[in-house]
(Lines give C-alpha, C1' and ligand atoms only; values in the text may rest on other atoms or scores of the structure.)
Protein backbone atom coordinates (compact mmCIF):
# COMPACT_ATOMS: atom_id res chain seq x y z
CA UNK A 1 0.00 0.00 0.00
CA UNK A 2 1.17 3.52 -0.74
CA UNK A 3 0.76 6.03 2.10
CA UNK A 4 1.02 9.54 0.61
CA UNK A 5 2.75 12.15 2.76
CA UNK A 6 1.27 15.47 3.89
CA UNK A 7 -1.45 16.71 1.48
CA UNK A 8 -0.65 14.23 -1.27
CA UNK A 9 -3.20 11.85 -2.76
CA UNK A 10 -2.86 8.61 -4.74
CA UNK A 11 -5.26 8.50 -7.69
CA UNK A 12 -6.05 6.18 -10.60
CA UNK A 13 -7.14 7.73 -13.90
CA UNK A 14 -10.48 6.36 -15.11
CA UNK A 15 -10.73 4.89 -18.61
CA UNK A 16 -12.51 6.91 -21.28
CA UNK A 17 -15.25 4.27 -21.29
CA UNK A 18 -15.92 4.73 -17.58
CA UNK A 19 -15.63 8.43 -18.00
CA UNK A 20 -18.26 8.47 -20.70
CA UNK A 21 -20.60 6.23 -18.68
CA UNK A 22 -20.70 8.80 -15.88
CA UNK A 23 -21.42 11.45 -18.46
CA UNK A 24 -18.10 13.17 -18.18
CA UNK A 25 -15.82 13.76 -21.13
CA UNK A 26 -12.88 15.99 -20.50
CA UNK A 27 -11.21 18.38 -22.90
CA UNK A 28 -8.32 20.59 -21.91
CA UNK A 29 -6.19 23.32 -23.42
CA UNK A 30 -2.50 22.98 -24.04
CA UNK A 31 -1.42 24.08 -20.55
CA UNK A 32 -3.46 21.64 -18.55
CA UNK A 33 -5.37 18.57 -19.74
CA UNK A 34 -7.90 17.64 -17.09
CA UNK A 35 -8.96 14.08 -16.52
CA UNK A 36 -11.18 12.25 -14.11
CA UNK A 37 -9.72 9.90 -11.55
CA UNK A 38 -10.62 7.84 -8.52
CA UNK A 39 -8.98 8.59 -5.18
CA UNK A 40 -7.26 5.47 -3.76
CA UNK A 41 -5.26 6.88 -0.84
CA UNK A 42 -5.35 10.22 0.97
CA UNK A 43 -2.48 11.77 2.96
CA UNK A 44 -3.01 12.98 6.54
CA UNK A 45 -2.91 16.66 5.57
CA UNK A 46 -0.25 19.34 5.23
CA UNK A 47 1.44 20.46 8.45
CA UNK A 48 0.37 24.03 9.28
CA UNK A 49 1.77 25.38 12.56
CA UNK A 50 2.48 21.81 13.62
CA UNK A 51 -1.05 20.54 12.96
CA UNK A 52 -2.34 18.51 10.04
CA UNK A 53 -4.78 20.54 7.94
CA UNK A 54 -7.99 18.62 7.28
CA UNK A 55 -8.16 17.03 3.80
CA UNK A 56 -11.08 18.00 1.55
CA UNK A 57 -11.37 14.69 -0.27
CA UNK A 58 -11.65 11.07 0.80
CA UNK A 59 -10.98 7.55 -0.53
CA UNK A 60 -13.35 6.63 -3.34
CA UNK A 61 -14.05 10.19 -4.51
CA UNK A 62 -14.18 10.70 -8.27
CA UNK A 63 -12.17 13.85 -8.94
CA UNK A 64 -11.17 16.16 -11.77
CA UNK A 65 -7.39 16.58 -11.99
CA UNK A 66 -4.89 18.15 -14.37
CA UNK A 67 -3.34 15.49 -16.61
CA UNK A 68 0.27 16.57 -16.18
CA UNK A 69 0.04 17.13 -12.44
CA UNK A 70 1.82 14.77 -10.10
CA UNK A 71 4.09 11.75 -10.49
CA UNK A 72 3.20 8.50 -12.24
CA UNK A 73 4.00 5.24 -10.45
CA UNK A 74 3.32 1.63 -11.45
CA UNK A 75 2.28 -0.28 -8.36
CA UNK A 76 0.97 -3.86 -8.14
CA UNK A 77 0.05 -3.72 -11.81
CA UNK A 78 -1.82 -0.44 -11.60
CA UNK A 79 -0.82 2.89 -13.16
CA UNK A 80 -1.21 5.34 -10.29
CA UNK A 81 -0.44 9.02 -9.86
CA UNK A 82 0.56 10.86 -6.71
CA UNK A 83 -0.72 14.46 -6.74
CA UNK A 84 -1.03 17.24 -4.22
CA UNK A 85 -4.60 17.94 -3.16
CA UNK A 86 -4.29 21.42 -4.68
CA UNK A 87 -4.07 19.80 -8.15
CA UNK A 88 -7.57 18.41 -7.67
CA UNK A 89 -10.11 20.86 -9.05
CA UNK A 90 -13.47 19.36 -8.17
CA UNK A 91 -15.30 16.29 -6.93
CA UNK A 92 -17.62 14.70 -9.50
CA UNK A 93 -20.60 13.34 -7.62
CA UNK B 1 -22.79 17.48 -10.34
CA UNK B 2 -19.34 18.99 -10.02
CA UNK B 3 -18.39 20.20 -6.54
CA UNK B 4 -15.41 22.55 -6.89
CA UNK B 5 -12.80 22.43 -4.10
CA UNK B 6 -11.64 25.34 -1.95
CA UNK B 7 -12.10 28.71 -3.75
CA UNK B 8 -12.79 27.20 -7.17
CA UNK B 9 -15.91 27.94 -9.20
CA UNK B 10 -17.60 26.11 -12.09
CA UNK B 11 -18.69 28.52 -14.82
CA UNK B 12 -20.30 28.34 -18.26
CA UNK B 13 -19.26 30.89 -20.88
CA UNK B 14 -22.24 32.80 -22.30
CA UNK B 15 -22.78 32.89 -26.06
CA UNK B 16 -22.03 36.14 -27.90
CA UNK B 17 -25.76 36.49 -28.58
CA UNK B 18 -26.61 36.39 -24.90
CA UNK B 19 -23.70 38.62 -24.17
CA UNK B 20 -24.90 41.23 -26.63
CA UNK B 21 -28.46 41.07 -25.30
CA UNK B 22 -27.26 42.15 -21.85
CA UNK B 23 -25.33 44.93 -23.50
CA UNK B 24 -21.91 43.48 -22.82
CA UNK B 25 -19.37 42.85 -25.53
CA UNK B 26 -15.96 41.89 -24.37
CA UNK B 27 -12.63 42.72 -25.99
CA UNK B 28 -9.31 41.72 -24.52
CA UNK B 29 -5.64 42.25 -25.20
CA UNK B 30 -3.25 39.46 -26.06
CA UNK B 31 -2.42 38.53 -22.46
CA UNK B 32 -5.92 37.99 -21.21
CA UNK B 33 -9.17 37.77 -23.21
CA UNK B 34 -12.05 38.43 -20.85
CA UNK B 35 -15.42 36.84 -21.37
CA UNK B 36 -18.69 36.78 -19.54
CA UNK B 37 -19.91 33.61 -17.88
CA UNK B 38 -22.58 32.28 -15.58
CA UNK B 39 -21.62 30.75 -12.26
CA UNK B 40 -22.98 27.18 -11.92
CA UNK B 41 -21.22 25.90 -8.79
CA UNK B 42 -19.25 27.63 -6.06
CA UNK B 43 -16.63 26.02 -3.80
CA UNK B 44 -16.82 26.33 -0.01
CA UNK B 45 -13.92 28.79 0.19
CA UNK B 46 -10.17 28.58 0.56
CA UNK B 47 -8.87 27.28 3.90
CA UNK B 48 -7.21 30.13 5.83
CA UNK B 49 -5.97 29.18 9.29
CA UNK B 50 -8.26 26.15 9.20
CA UNK B 51 -11.40 28.13 8.33
CA UNK B 52 -13.12 28.49 4.97
CA UNK B 53 -12.87 32.06 3.71
CA UNK B 54 -16.26 33.41 2.61
CA UNK B 55 -16.82 33.34 -1.17
CA UNK B 56 -17.61 36.64 -2.88
CA UNK B 57 -19.82 35.21 -5.62
CA UNK B 58 -22.82 32.89 -5.69
CA UNK B 59 -24.62 30.51 -8.06
CA UNK B 60 -26.31 32.34 -10.91
CA UNK B 61 -23.99 35.37 -10.90
CA UNK B 62 -22.95 36.66 -14.32
CA UNK B 63 -19.23 37.30 -14.09
CA UNK B 64 -16.33 38.68 -16.12
CA UNK B 65 -13.46 36.18 -16.37
CA UNK B 66 -10.18 35.89 -18.23
CA UNK B 67 -10.62 33.60 -21.27
CA UNK B 68 -7.53 31.47 -20.69
CA UNK B 69 -8.02 31.12 -16.95
CA UNK B 70 -8.98 27.76 -15.50
CA UNK B 71 -9.55 24.28 -16.89
CA UNK B 72 -12.13 23.30 -19.51
CA UNK B 73 -14.28 20.24 -18.83
CA UNK B 74 -17.12 18.72 -20.86
CA UNK B 75 -19.80 17.55 -18.46
CA UNK B 76 -23.29 16.25 -19.30
CA UNK B 77 -23.05 17.87 -22.70
CA UNK B 78 -22.00 21.26 -21.42
CA UNK B 79 -18.63 22.98 -21.93
CA UNK B 80 -17.72 24.13 -18.45
CA UNK B 81 -14.66 25.79 -16.94
CA UNK B 82 -13.30 25.45 -13.42
CA UNK B 83 -11.58 28.67 -12.29
CA UNK B 84 -10.29 30.05 -9.03
CA UNK B 85 -12.39 32.90 -7.66
CA UNK B 86 -9.38 35.20 -8.06
CA UNK B 87 -9.71 34.84 -11.86
CA UNK B 88 -13.13 36.45 -11.68
CA UNK B 89 -12.78 40.20 -12.15
CA UNK B 90 -16.29 41.54 -11.61
CA UNK B 91 -19.96 40.69 -11.30
CA UNK B 92 -22.13 42.03 -14.13
CA UNK B 93 -25.48 42.98 -12.64
CA UNK C 1 -23.42 47.81 -13.87
CA UNK C 2 -20.08 46.11 -13.23
CA UNK C 3 -19.29 45.35 -9.60
CA UNK C 4 -15.53 44.68 -9.33
CA UNK C 5 -14.44 42.02 -6.84
CA UNK C 6 -12.01 42.48 -3.96
CA UNK C 7 -9.53 45.34 -4.62
CA UNK C 8 -10.40 45.71 -8.30
CA UNK C 9 -11.53 48.97 -9.88
CA UNK C 10 -13.39 49.75 -13.11
CA UNK C 11 -11.84 52.70 -14.94
CA UNK C 12 -12.36 54.59 -18.20
CA UNK C 13 -9.31 56.03 -19.96
CA UNK C 14 -9.63 59.77 -20.61
CA UNK C 15 -9.19 61.10 -24.14
CA UNK C 16 -6.00 63.01 -24.94
CA UNK C 17 -8.11 66.17 -25.31
CA UNK C 18 -9.49 65.84 -21.79
CA UNK C 19 -6.07 64.91 -20.56
CA UNK C 20 -4.52 68.03 -22.04
CA UNK C 21 -7.27 70.26 -20.63
CA UNK C 22 -6.38 69.21 -17.08
CA UNK C 23 -2.76 69.91 -17.88
CA UNK C 24 -1.66 66.31 -17.84
CA UNK C 25 0.14 64.66 -20.74
CA UNK C 26 1.51 61.23 -20.08
CA UNK C 27 4.65 59.67 -21.50
CA UNK C 28 5.89 56.25 -20.52
CA UNK C 29 8.85 54.02 -21.15
CA UNK C 30 8.64 50.66 -22.89
CA UNK C 31 7.82 48.67 -19.75
CA UNK C 32 4.80 50.60 -18.64
CA UNK C 33 2.88 53.34 -20.47
CA UNK C 34 0.93 55.35 -17.92
CA UNK C 35 -2.35 56.98 -18.76
CA UNK C 36 -4.95 58.96 -16.93
CA UNK C 37 -8.38 57.50 -16.26
CA UNK C 38 -11.57 58.14 -14.36
CA UNK C 39 -12.69 55.69 -11.71
CA UNK C 40 -16.23 54.40 -12.39
CA UNK C 41 -16.61 51.56 -9.89
CA UNK C 42 -14.61 50.53 -6.84
CA UNK C 43 -14.47 47.05 -5.31
CA UNK C 44 -15.14 46.50 -1.59
CA UNK C 45 -11.47 45.84 -0.77
CA UNK C 46 -9.20 42.82 -0.64
CA UNK C 47 -9.94 40.27 2.09
CA UNK C 48 -7.18 40.35 4.72
CA UNK C 49 -7.73 38.04 7.69
CA UNK C 50 -11.41 37.87 6.76
CA UNK C 51 -11.90 41.64 6.66
CA UNK C 52 -12.12 43.94 3.65
CA UNK C 53 -9.14 46.28 3.52
CA UNK C 54 -10.20 49.91 3.03
CA UNK C 55 -9.87 51.15 -0.57
CA UNK C 56 -7.67 54.20 -1.15
CA UNK C 57 -9.62 55.60 -4.10
CA UNK C 58 -13.28 56.39 -4.76
CA UNK C 59 -15.71 56.80 -7.65
CA UNK C 60 -14.95 59.87 -9.74
CA UNK C 61 -11.22 60.02 -8.91
CA UNK C 62 -8.92 60.87 -11.81
CA UNK C 63 -6.03 58.43 -11.56
CA UNK C 64 -2.70 57.61 -13.19
CA UNK C 65 -2.53 53.96 -14.29
CA UNK C 66 -0.18 51.77 -16.27
CA UNK C 67 -1.48 51.38 -19.85
CA UNK C 68 -1.09 47.61 -20.07
CA UNK C 69 -2.43 46.88 -16.60
CA UNK C 70 -5.77 45.16 -16.23
CA UNK C 71 -8.39 43.73 -18.57
CA UNK C 72 -10.28 45.65 -21.25
CA UNK C 73 -14.04 45.17 -21.45
CA UNK C 74 -16.63 46.81 -23.74
CA UNK C 75 -19.73 47.52 -21.68
CA UNK C 76 -22.81 49.52 -22.73
CA UNK C 77 -20.83 51.15 -25.49
CA UNK C 78 -17.94 52.17 -23.28
CA UNK C 79 -14.36 50.85 -23.38
CA UNK C 80 -13.62 50.09 -19.76
CA UNK C 81 -10.70 48.49 -17.95
CA UNK C 82 -10.74 46.45 -14.76
CA UNK C 83 -7.51 46.92 -12.78
CA UNK C 84 -6.31 46.06 -9.31
CA UNK C 85 -5.92 49.09 -7.06
CA UNK C 86 -2.19 48.38 -6.86
CA UNK C 87 -1.91 49.27 -10.58
CA UNK C 88 -3.05 52.80 -9.76
CA UNK C 89 -0.04 54.99 -9.08
CA UNK C 90 -1.52 58.32 -8.04
CA UNK C 91 -4.64 60.45 -7.85
CA UNK C 92 -4.56 63.57 -10.04
CA UNK C 93 -6.40 66.31 -8.19
CA UNK D 1 -1.33 68.09 -8.00
CA UNK D 2 -0.45 64.39 -8.03
CA UNK D 3 -1.20 62.47 -4.85
CA UNK D 4 0.78 59.20 -4.94
CA UNK D 5 -0.90 56.14 -3.43
CA UNK D 6 0.48 53.96 -0.64
CA UNK D 7 4.30 54.05 -0.50
CA UNK D 8 4.74 55.79 -3.85
CA UNK D 9 6.62 59.04 -4.32
CA UNK D 10 6.60 61.67 -7.07
CA UNK D 11 10.12 62.80 -7.96
CA UNK D 12 11.78 65.13 -10.48
CA UNK D 13 15.19 64.18 -11.83
CA UNK D 14 17.77 66.94 -11.29
CA UNK D 15 19.73 68.26 -14.28
CA UNK D 16 23.39 67.27 -14.58
CA UNK D 17 24.29 70.91 -13.88
CA UNK D 18 22.45 70.91 -10.57
CA UNK D 19 23.82 67.52 -9.80
CA UNK D 20 27.38 68.65 -10.32
CA UNK D 21 26.85 71.78 -8.21
CA UNK D 22 26.02 69.64 -5.19
CA UNK D 23 29.10 67.59 -5.90
CA UNK D 24 27.27 64.47 -6.97
CA UNK D 25 27.88 62.76 -10.29
CA UNK D 26 26.23 59.42 -10.77
CA UNK D 27 27.50 56.43 -12.72
CA UNK D 28 25.67 53.15 -12.90
CA UNK D 29 26.15 49.72 -14.34
CA UNK D 30 23.96 48.22 -17.04
CA UNK D 31 21.33 46.86 -14.64
CA UNK D 32 20.53 50.04 -12.82
CA UNK D 33 21.58 53.61 -13.62
CA UNK D 34 21.19 55.70 -10.50
CA UNK D 35 20.31 59.36 -10.67
CA UNK D 36 19.61 62.10 -8.21
CA UNK D 37 16.12 63.56 -7.90
CA UNK D 38 14.07 65.89 -5.77
CA UNK D 39 11.02 64.56 -3.95
CA UNK D 40 7.87 66.54 -4.87
CA UNK D 41 5.09 64.45 -3.34
CA UNK D 42 5.08 61.61 -0.83
CA UNK D 43 2.38 58.96 -0.44
CA UNK D 44 0.78 58.24 2.95
CA UNK D 45 2.60 54.93 3.38
CA UNK D 46 1.92 51.29 2.51
CA UNK D 47 -0.96 49.62 4.35
CA UNK D 48 0.41 47.01 6.78
CA UNK D 49 -2.20 45.28 8.93
CA UNK D 50 -4.60 48.12 8.13
CA UNK D 51 -2.21 50.88 9.21
CA UNK D 52 -0.10 53.18 7.05
CA UNK D 53 3.60 52.46 7.53
CA UNK D 54 5.58 55.65 8.20
CA UNK D 55 7.42 57.01 5.15
CA UNK D 56 11.19 57.44 5.44
CA UNK D 57 11.48 60.45 3.13
CA UNK D 58 9.73 63.82 2.90
CA UNK D 59 8.97 66.55 0.36
CA UNK D 60 12.11 68.41 -0.73
CA UNK D 61 14.54 65.56 -0.01
CA UNK D 62 17.27 65.06 -2.61
CA UNK D 63 17.41 61.32 -3.22
CA UNK D 64 19.39 58.72 -5.15
CA UNK D 65 17.11 56.55 -7.32
CA UNK D 66 17.54 53.91 -9.97
CA UNK D 67 17.10 55.46 -13.44
CA UNK D 68 14.72 52.85 -14.82
CA UNK D 69 12.59 52.56 -11.71
CA UNK D 70 9.05 53.86 -11.75
CA UNK D 71 6.75 55.45 -14.31
CA UNK D 72 7.40 58.70 -16.19
CA UNK D 73 4.59 61.23 -16.38
CA UNK D 74 4.49 64.71 -17.95
CA UNK D 75 2.52 66.99 -15.67
CA UNK D 76 2.08 70.76 -15.94
CA UNK D 77 5.13 70.95 -18.15
CA UNK D 78 7.35 68.93 -15.83
CA UNK D 79 8.81 65.48 -16.47
CA UNK D 80 8.03 63.61 -13.29
CA UNK D 81 8.48 60.01 -12.17
CA UNK D 82 6.35 58.00 -9.76
CA UNK D 83 8.44 55.45 -7.86
CA UNK D 84 7.93 53.22 -4.86
CA UNK D 85 9.91 54.31 -1.82
CA UNK D 86 11.86 51.05 -1.99
CA UNK D 87 13.44 52.27 -5.26
CA UNK D 88 15.02 55.16 -3.37
CA UNK D 89 18.47 54.15 -2.16
CA UNK D 90 19.64 57.09 -0.09
CA UNK D 91 19.03 60.70 0.87
CA UNK D 92 21.77 63.10 -0.26
CA UNK D 93 22.11 65.78 2.42
CA UNK E 1 27.82 8.46 9.32
CA UNK E 2 26.00 11.27 7.55
CA UNK E 3 23.76 13.40 9.74
CA UNK E 4 21.39 15.35 7.46
CA UNK E 5 20.51 18.90 8.55
CA UNK E 6 17.01 20.27 9.15
CA UNK E 7 14.37 18.37 7.11
CA UNK E 8 16.85 16.54 4.92
CA UNK E 9 16.98 12.76 4.58
CA UNK E 10 19.69 10.37 3.38
CA UNK E 11 18.28 7.68 1.10
CA UNK E 12 19.59 4.76 -0.97
CA UNK E 13 17.84 3.95 -4.25
CA UNK E 14 16.68 0.34 -4.39
CA UNK E 15 17.77 -1.85 -7.31
CA UNK E 16 15.16 -2.71 -9.94
CA UNK E 17 15.32 -6.32 -8.73
CA UNK E 18 14.43 -5.32 -5.17
CA UNK E 19 11.86 -2.94 -6.48
CA UNK E 20 10.16 -5.67 -8.47
CA UNK E 21 10.20 -8.05 -5.51
CA UNK E 22 8.11 -5.62 -3.48
CA UNK E 23 5.77 -5.33 -6.43
CA UNK E 24 6.66 -1.78 -7.28
CA UNK E 25 7.86 -0.70 -10.71
CA UNK E 26 8.14 2.99 -11.26
CA UNK E 27 7.59 4.94 -14.46
CA UNK E 28 7.85 8.69 -14.66
CA UNK E 29 7.27 11.45 -17.17
CA UNK E 30 10.02 13.69 -18.47
CA UNK E 31 9.77 16.24 -15.63
CA UNK E 32 10.17 13.88 -12.72
CA UNK E 33 11.20 10.22 -12.73
CA UNK E 34 10.10 8.67 -9.47
CA UNK E 35 12.01 5.84 -7.87
CA UNK E 36 11.78 3.85 -4.71
CA UNK E 37 14.41 4.20 -2.01
CA UNK E 38 15.20 3.18 1.53
CA UNK E 39 15.63 5.84 4.19
CA UNK E 40 19.02 5.55 5.94
CA UNK E 41 19.21 8.76 7.98
CA UNK E 42 16.61 11.35 8.94
CA UNK E 43 17.29 14.99 9.88
CA UNK E 44 15.90 16.46 13.11
CA UNK E 45 13.27 18.55 11.32
CA UNK E 46 13.08 22.04 9.84
CA UNK E 47 13.24 24.93 12.30
CA UNK E 48 9.84 26.66 12.47
CA UNK E 49 9.63 29.50 15.00
CA UNK E 50 12.71 28.09 16.70
CA UNK E 51 11.32 24.56 17.07
CA UNK E 52 12.09 21.48 15.03
CA UNK E 53 9.04 20.37 13.06
CA UNK E 54 8.34 16.65 13.51
CA UNK E 55 9.54 14.49 10.61
CA UNK E 56 6.96 12.34 8.82
CA UNK E 57 9.30 9.48 7.93
CA UNK E 58 11.76 7.33 9.85
CA UNK E 59 14.86 5.18 9.27
CA UNK E 60 14.06 2.06 7.30
CA UNK E 61 11.00 3.44 5.50
CA UNK E 62 10.69 2.51 1.82
CA UNK E 63 9.73 5.73 0.04
CA UNK E 64 8.79 7.03 -3.39
CA UNK E 65 11.03 9.93 -4.46
CA UNK E 66 11.63 11.98 -7.59
CA UNK E 67 14.73 10.70 -9.41
CA UNK E 68 16.35 14.09 -9.99
CA UNK E 69 15.64 15.44 -6.53
CA UNK E 70 18.48 15.95 -4.10
CA UNK E 71 22.24 15.55 -4.23
CA UNK E 72 24.13 12.32 -4.95
CA UNK E 73 27.02 11.40 -2.65
CA UNK E 74 29.27 8.32 -2.62
CA UNK E 75 29.89 7.34 0.99
CA UNK E 76 31.63 4.22 2.29
CA UNK E 77 31.07 2.52 -1.04
CA UNK E 78 27.38 3.32 -1.23
CA UNK E 79 25.63 5.64 -3.69
CA UNK E 80 23.44 7.78 -1.47
CA UNK E 81 21.21 10.78 -2.07
CA UNK E 82 20.39 13.63 0.28
CA UNK E 83 16.87 14.97 -0.31
CA UNK E 84 14.50 17.27 1.50
CA UNK E 85 11.54 15.48 3.05
CA UNK E 86 9.25 17.43 0.73
CA UNK E 87 10.72 15.50 -2.24
CA UNK E 88 9.39 12.27 -0.75
CA UNK E 89 5.93 11.58 -2.11
CA UNK E 90 4.75 8.51 -0.24
CA UNK E 91 5.75 5.65 2.03
CA UNK E 92 5.46 2.20 0.42
CA UNK E 93 4.41 -0.22 3.14
CA UNK F 1 26.73 63.10 2.98
CA UNK F 2 24.70 60.12 1.77
CA UNK F 3 22.18 58.71 4.23
CA UNK F 4 21.19 55.23 3.06
CA UNK F 5 17.57 54.18 3.62
CA UNK F 6 16.38 51.13 5.54
CA UNK F 7 18.99 48.33 5.55
CA UNK F 8 21.20 49.89 2.89
CA UNK F 9 24.87 50.65 3.37
CA UNK F 10 27.30 52.97 1.56
CA UNK F 11 30.64 51.28 0.93
CA UNK F 12 33.93 52.10 -0.81
CA UNK F 13 35.81 49.29 -2.51
CA UNK F 14 39.41 48.99 -1.25
CA UNK F 15 42.28 49.08 -3.73
CA UNK F 16 44.10 45.82 -4.45
CA UNK F 17 47.16 47.27 -2.70
CA UNK F 18 45.23 47.86 0.51
CA UNK F 19 43.56 44.54 0.15
CA UNK F 20 46.88 42.74 -0.12
CA UNK F 21 48.31 44.58 2.88
CA UNK F 22 45.58 43.13 5.11
CA UNK F 23 46.34 39.73 3.68
CA UNK F 24 43.14 39.39 1.73
CA UNK F 25 43.01 38.63 -1.97
CA UNK F 26 39.62 37.89 -3.43
CA UNK F 27 38.77 35.53 -6.26
CA UNK F 28 35.24 34.88 -7.41
CA UNK F 29 33.43 32.69 -9.85
CA UNK F 30 31.45 34.03 -12.80
CA UNK F 31 28.21 34.53 -10.85
CA UNK F 32 29.54 36.71 -8.08
CA UNK F 33 32.95 38.37 -7.77
CA UNK F 34 33.52 39.24 -4.14
CA UNK F 35 35.59 42.22 -3.12
CA UNK F 36 36.55 43.87 0.09
CA UNK F 37 35.20 47.29 0.99
CA UNK F 38 35.05 49.78 3.80
CA UNK F 39 31.68 50.77 5.25
CA UNK F 40 31.18 54.57 5.10
CA UNK F 41 27.50 54.96 6.03
CA UNK F 42 24.96 52.57 7.54
CA UNK F 43 21.17 52.82 7.20
CA UNK F 44 18.92 52.77 10.27
CA UNK F 45 17.67 49.23 9.58
CA UNK F 46 14.80 47.66 7.67
CA UNK F 47 11.31 48.28 9.02
CA UNK F 48 9.88 45.04 10.46
CA UNK F 49 6.46 45.40 12.08
CA UNK F 50 7.02 49.14 12.31
CA UNK F 51 10.39 48.87 14.08
CA UNK F 52 13.87 49.26 12.65
CA UNK F 53 15.75 45.96 12.73
CA UNK F 54 19.21 46.34 14.28
CA UNK F 55 22.03 46.55 11.72
CA UNK F 56 24.81 43.96 11.97
CA UNK F 57 27.62 46.18 10.69
CA UNK F 58 28.91 49.64 11.57
CA UNK F 59 30.86 52.53 10.04
CA UNK F 60 34.50 51.62 9.46
CA UNK F 61 33.96 47.86 9.15
CA UNK F 62 35.97 46.12 6.42
CA UNK F 63 33.50 43.81 4.68
CA UNK F 64 33.36 41.17 1.96
CA UNK F 65 30.74 42.01 -0.69
CA UNK F 66 29.68 40.68 -4.05
CA UNK F 67 31.21 42.81 -6.81
CA UNK F 68 28.03 43.23 -8.86
CA UNK F 69 25.77 43.90 -5.90
CA UNK F 70 24.33 47.36 -5.39
CA UNK F 71 24.44 50.64 -7.25
CA UNK F 72 27.58 52.66 -8.05
CA UNK F 73 27.55 56.40 -7.34
CA UNK F 74 30.28 59.01 -7.74
CA UNK F 75 30.11 61.39 -4.78
CA UNK F 76 32.56 64.14 -3.85
CA UNK F 77 35.20 62.52 -5.99
CA UNK F 78 34.77 59.06 -4.52
CA UNK F 79 33.42 55.95 -6.26
CA UNK F 80 30.91 54.59 -3.79
CA UNK F 81 28.41 51.73 -3.86
CA UNK F 82 25.07 51.48 -2.11
CA UNK F 83 24.26 47.88 -1.18
CA UNK F 84 21.71 46.14 1.00
CA UNK F 85 23.19 44.65 4.16
CA UNK F 86 22.21 41.20 2.90
CA UNK F 87 24.80 41.57 0.10
CA UNK F 88 27.52 41.76 2.73
CA UNK F 89 28.88 38.28 3.43
CA UNK F 90 31.34 38.76 6.26
CA UNK F 91 33.31 41.26 8.31
CA UNK F 92 37.10 41.00 7.86
CA UNK F 93 38.69 41.81 11.19
CA UNK G 1 39.74 36.55 10.70
CA UNK G 2 36.51 36.46 8.72
CA UNK G 3 33.32 36.87 10.73
CA UNK G 4 30.39 35.69 8.58
CA UNK G 5 27.12 37.60 8.96
CA UNK G 6 23.75 36.13 9.90
CA UNK G 7 23.47 32.44 8.94
CA UNK G 8 26.60 32.40 6.79
CA UNK G 9 29.50 30.03 7.32
CA UNK G 10 33.16 30.10 6.20
CA UNK G 11 34.29 26.71 4.93
CA UNK G 12 37.43 25.18 3.38
CA UNK G 13 37.00 22.44 0.81
CA UNK G 14 38.92 19.28 1.74
CA UNK G 15 41.42 17.83 -0.74
CA UNK G 16 40.43 14.63 -2.53
CA UNK G 17 43.17 12.87 -0.59
CA UNK G 18 41.68 13.90 2.74
CA UNK G 19 38.24 13.14 1.46
CA UNK G 20 39.25 9.62 0.50
CA UNK G 21 40.91 9.02 3.86
CA UNK G 22 37.63 9.64 5.64
CA UNK G 23 35.97 7.26 3.23
CA UNK G 24 33.94 9.86 1.43
CA UNK G 25 34.04 10.37 -2.32
CA UNK G 26 31.52 12.73 -3.75
CA UNK G 27 29.81 12.57 -7.12
CA UNK G 28 27.22 15.07 -8.25
CA UNK G 29 24.91 15.64 -11.17
CA UNK G 30 25.13 18.64 -13.48
CA UNK G 31 22.97 20.90 -11.31
CA UNK G 32 24.87 20.59 -8.07
CA UNK G 33 28.27 19.03 -7.43
CA UNK G 34 28.56 18.26 -3.73
CA UNK G 35 31.88 18.33 -1.93
CA UNK G 36 33.05 17.88 1.58
CA UNK G 37 34.43 20.81 3.55
CA UNK G 38 35.57 21.81 7.00
CA UNK G 39 33.77 24.59 8.85
CA UNK G 40 36.18 27.37 9.89
CA UNK G 41 33.82 30.14 11.05
CA UNK G 42 30.11 30.19 11.86
CA UNK G 43 27.83 33.24 11.79
CA UNK G 44 25.67 34.16 14.80
CA UNK G 45 22.44 33.04 13.11
CA UNK G 46 19.78 34.65 10.93
CA UNK G 47 17.64 37.31 12.56
CA UNK G 48 14.07 36.02 13.01
CA UNK G 49 11.72 38.40 14.79
CA UNK G 50 14.74 40.26 16.12
CA UNK G 51 16.43 37.16 17.58
CA UNK G 52 19.32 35.15 16.20
CA UNK G 53 18.18 31.67 15.18
CA UNK G 54 20.45 28.97 16.62
CA UNK G 55 22.99 27.60 14.13
CA UNK G 56 22.94 23.87 13.44
CA UNK G 57 26.65 23.47 12.78
CA UNK G 58 29.82 24.46 14.63
CA UNK G 59 33.51 25.17 13.96
CA UNK G 60 35.39 22.02 12.97
CA UNK G 61 32.39 20.16 11.55
CA UNK G 62 33.03 18.24 8.33
CA UNK G 63 30.07 19.03 6.08
CA UNK G 64 28.61 18.13 2.68
CA UNK G 65 28.02 21.23 0.54
CA UNK G 66 27.02 22.00 -3.02
CA UNK G 67 30.13 22.86 -5.09
CA UNK G 68 28.73 25.97 -6.74
CA UNK G 69 27.11 27.36 -3.61
CA UNK G 70 28.54 30.46 -2.00
CA UNK G 71 31.35 32.87 -2.76
CA UNK G 72 35.04 31.98 -3.06
CA UNK G 73 37.56 34.17 -1.22
CA UNK G 74 41.34 33.85 -0.91
CA UNK G 75 42.33 34.77 2.62
CA UNK G 76 45.76 34.46 4.24
CA UNK G 77 46.79 31.99 1.57
CA UNK G 78 43.72 29.78 1.95
CA UNK G 79 40.94 29.26 -0.60
CA UNK G 80 37.80 29.70 1.46
CA UNK G 81 34.09 29.79 0.61
CA UNK G 82 31.33 31.71 2.35
CA UNK G 83 28.02 29.83 2.17
CA UNK G 84 24.64 30.13 3.83
CA UNK G 85 23.92 27.35 6.32
CA UNK G 86 21.05 26.23 4.09
CA UNK G 87 23.58 25.18 1.43
CA UNK G 88 25.01 22.65 3.87
CA UNK G 89 23.27 19.32 3.42
CA UNK G 90 24.68 17.12 6.14
CA UNK G 91 27.38 16.73 8.76
CA UNK G 92 29.81 13.86 8.09
CA UNK G 93 30.80 12.42 11.46
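Letters are used for the chains, namely A, B, C, D, E, F and G, taken in the order the chains are written, and counting of residues starts over at 1 for each.
The working rule: a residue touches a chain if its C-beta (ideal position, glycine included) is under 8 Å from a C-beta of that chain, and two chains touch if they have at least 3 such contacts.
Values in this document were obtained by computation on a predicted structure and should not be read as measured data.
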**Report entry** Rotation angle (°) superposing Cα atoms of chain D on chain F, nearest 5
**Finding:** 50
Query - Mean-CA-position distance for chain C and chain A (Å) - result: 41
Requested in this report: Calculate how many whole Å lie between the centre of chain A and the centre of chain D, each centre taken as the average of the chain's C-alpha atoms.
Outcome: 51
Report task. Indicate the residues of chain C shared as contacts by at least two other chains. Result -> none
Report task. Starting from chain B and stepping next to chain C, give every chain of the ring in the order they occur. Result -> B, C, D, F, G, E, A
Report summary line: chain E partner, complex, touching residues on chain A are 1-6, 8, 10, 41, 43, 47, 49-50, 68, 71-76, 79, 82
Report summary line: chain B residues touching chain C in their complex are 23-29, 31-32, 34, 48, 51, 53-54, 56-57, 64, 66, 85-86, 88-93
